[in-house]
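Chain naming follows the written order as A, B and C, and within any one chain the residues start at number 1.
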């Protein structure tokens, strides 16, 4: 419905292009200039520097041996490193698990909180609390929850299974470490998606729901036929953002598992961080950064292309 | 309304920035000396207090640059690249070679008194010496060691003998047998805690367990030709690491999410702990006379213990080297400063300091720990140390998780040798 | 509402509260632990239901960290965090929304490549540019200031993109009308788009606010002394090598959380906008 309007504005716009003064053009430039300037200085420039470094053997602490250009050697080493591919697989695994969990829960909560009539403010704040907790604190708390053998998670497990399932070493087991991180990440971050969904839900006029109520449609039907389709743009946005966020997983892994056990929770950003900050090999680290960037870019383009087809239908 | 709020926030910001945002602070010769350090609250307090007393005594201001431990190396690298190194820096002993080789720290003996140099213990001198020229580039009041702590009750139950001196230490076979017997005790969940909760992919792995390699006859790297291949993956090294793998696979080690106090908490689920000297304070507080301290086991060629702690150096780019020397001299002879460190159970590296730490001279307490200083082998003083430690730690962690020992150690050896090759052998270490 | 509906609402709210409490139980854990004076007791209680109970609550931990002779100058850190928060949120809302608007309604040809460019910038993880950026800011001489902790974040690709997306959903008839009346580019933005998209502004303010408040690694790298250091870095001092001072860490965490809670409560009021307030009906 709004598509037609947009088309008409485009044509209206081009007709009134002649009405846009040089004054307007100037304003346009001035409005986007600060952002561009800052993005260039603080994002692009260091990134370009990083690319340059990726072709050298630069170390963290500059020494008497001059940094030299070594071409693609870093890249070759990375691509033949088993740890790198494991990290790649891990973030893919993580994304596949966390996206449905986190976004699904966020959508459900946003839906409930949107239609609430009583105690709106309090409940919204309540459910948003995990997100405002700094990751450092989140990891500390969840570390104790996952403690083996008598952390809270294990106590719950034993209670729920009536003692049949023994305590699990959550963060130390190759099978469960990643799911454990998925759970705590979803817990911490679902607030982000929930807020965006809330914003998107606000844009759906109440009258439509009221009309549906009168027509006798129940909650589920309303969700399926009103809410979900109207959230198309929001969903696309959320999917893209969450995917990129998931592929950049780092802090939890860095604090809780350091990529272990046996590399089952190693992520690409952690790989980058380890080789740079810990192993002190800046050139190598920069090369893996670039590879990560290309990977995410690729996934993003694929997502964008397939989803924009959806959007335009 | 929101517009007004944002506008007022903006105004507040502008005012605050004008008021608070300062520049760097002056550099160059002035009556100031800057010192960079890390550490928990207690250590910070000791340093700050001593700095205050220094200022009172000499009217030289001290700029205190505290950096949390986790990002210390990066901060240092930042200062270096911006050519704004402070005057005095604290560094972790194994990184000494790296910084001297890179040209950032000075020989320290010319700036401090001979008496202070003479006060250093042998292990202290070892941790502060650059192997190429044998000169001192740093000094410290603290050192460290790692040893075995045991719950006497459990040991008595399995009939284990208690070594009386470092030479009397258990052989690794004896140690292995004791662990097996401890595992059979119903009240013991884990015979040994090797502090996996500290994380075994970091410095703790290298610091705490490379001595086992050295005790078996291997090493992280050959200290004559500086090659890792043939050292970290030698037969002796493999044999040492196989013990750790066995203990892990048998479930005898406290897991990483088991916390760090299984030896002395209410459950006392761990019978022994392989940990640094710092465990003494909490463990003895909880266990009292039930705690006994035992030297590290002998893996074949005699007990080897680690050493090294945070040491003080003067930077080569400093414009206040004499003041820097004064500050260091003052702090390390400041009795209150040393007493503060003694109170937190620090391991003395100065003879004068040892006299203020009665626990370390008491044979029923930590005397064995102090005696271990004579058996200490420093971590390899080589500029490639950052790579050496990362690779060994990774291998150690993999080994605990069941990876084939030889494969893991081979991988570490190759990574280190590759790094050395990348840097042309770090001349003059390549002779 | 009729009685039956009100009951349904109350039950729904009740269930939600229950769910909410389960969700925030880890935070309750933190609050309760902060009232326990002995750090070893905190560690012991962790495994059982005792983690949620405190027999003899004491404010000692708070007193310790907030007292003026504590090693960490908490009040200073707190002020710093507030200043950085205010600066970052204000800057982001203004600069990113301007950019988002310009991308949406601008007519320059360059916008076609700007949008994908900005989105691809979002992909770059902070950790991979941190070191080169740190070197850069030290060379420019702006390290250890408030500015250096604010500027890198106010033109954030994600928030520019968010604004762009939200602006796209505004009914175009609004700006059409304004354009016909001869309003300039800026006017349409400042007087129409910006105020109408309150939910977008609030969303970004909250999200960026959280980000800014919890920034840890970057302030760690670029601040030298406690002069402009924020609270998140102070928390790091409570875990030494291997040892975690639980008692003070928990109390410090609570202190760090409270303002955020207040900030959020204040802003989320603006969420409650009835769509009837838009000038033109859907």
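Following the convention adopted for this analysis, a residue touches a chain if its C-beta (ideal position, glycine included) is under 8 Å from a C-beta of that chain, and two chains touch if they have at least 3 such contacts.
Because the structure is a prediction, the values reported are computed rather than measured.
Q: What is the shape of the graph in which nodes denote protein chains and edges denote touching chain pairs (line, ring, star, complete, other)?
A: It is complete, because no pair of chains fails to touch.
Q: By count of C-beta pairs in contact, what is the leading chain pair?
A: A-C
Q: Where the centres are mean C-alpha positions, what is the separation of chain B from chain C, in Å?
A: 37
Q: So how far apart, in whole Å, are chain A and chain C when each is placed at the average of its C-alpha atoms?
A: The separation of the two C-alpha centroids amounts to 15 Å.
Q: Give the residues of chain B that touch two or more other chains, as numbers and ranges in rising order.
A: Within chain B, residues 71, 74, 77, 81, 259 contact more than one other chain.
Q: Please list all residues of chain C that touch 2 or more other chains.
A: Residues 131, 236 of chain C touch two or more partner chains.
Q: Could you say which residues in chain A touch two or more other chains, in rising order?
A: Residues 60, 147, 151, 277.
Q: Across the complex, what residues on chain C touch chain B?
A: For chain C paired with chain B, touching residues are 40, 43-44, 71-72, 83, 86-87, 89-91, 93-94, 131, 134-135, 138-139, 141, 143-147, 194-195, 198, 201, 217, 220-222, 224-228, 233, 236-238, 240-243, 245, 270.
Q: Taking the touch rule as given, give the residues of chain A at its contact with chain C in the complex, in rising order.
A: Touching chain C from chain A are residues 2, 5-6, 8-9, 12-13, 16-17, 19-21, 23-25, 27-29, 31-32, 34-39, 41-47, 49-50, 53, 60, 112-113, 116-121, 123-138, 140-142, 144-145, 147, 150-152, 154-155, 187, 192, 195-196, 198-199, 202-207, 233, 237, 241, 244, 248, 250, 269, 272-273, 276-277, 282, 285-286, 289, 292-293, 296-297, 300.
Q: So in the complex, the part of chain C that touches chain A is made up of which residues?
A: 1, 9-10, 12-13, 16-17, 20-21, 23-24, 26-27, 29-30, 46-49, 51, 95-96, 98-99, 101-103, 106-108, 114, 118-125, 127-129, 131-133, 136, 151-152, 154-155, 157-158, 160-162, 165-166, 168-169, 171-173, 175-176, 179-180, 184-186, 189, 199-200, 203, 206-207, 210, 213-214, 216, 232, 235-236, 244, 249, 253, 256-257, 260-261, 264-265, 268-269, 271-276, 281-282
Q: Write out the stretch or stretches of chain B touching chain C in their complex.
A: Touch residues, chain B against chain C: 2-3, 6, 9-10, 12-13, 16-17, 20-25, 39-41, 44-45, 48, 63-71, 74-75, 77-79, 81-82, 84, 195, 197-198, 204, 259-261, 265-266, 278, 282, 286.
Q: Show me the residue ranges of chain A that touch chain B in the complex, using the header's touch definition.
A: Those residues of chain A that touch chain B are 57, 59-65, 70, 77, 143, 146-149, 151, 169-172, 174, 258-262, 274, 277-281.
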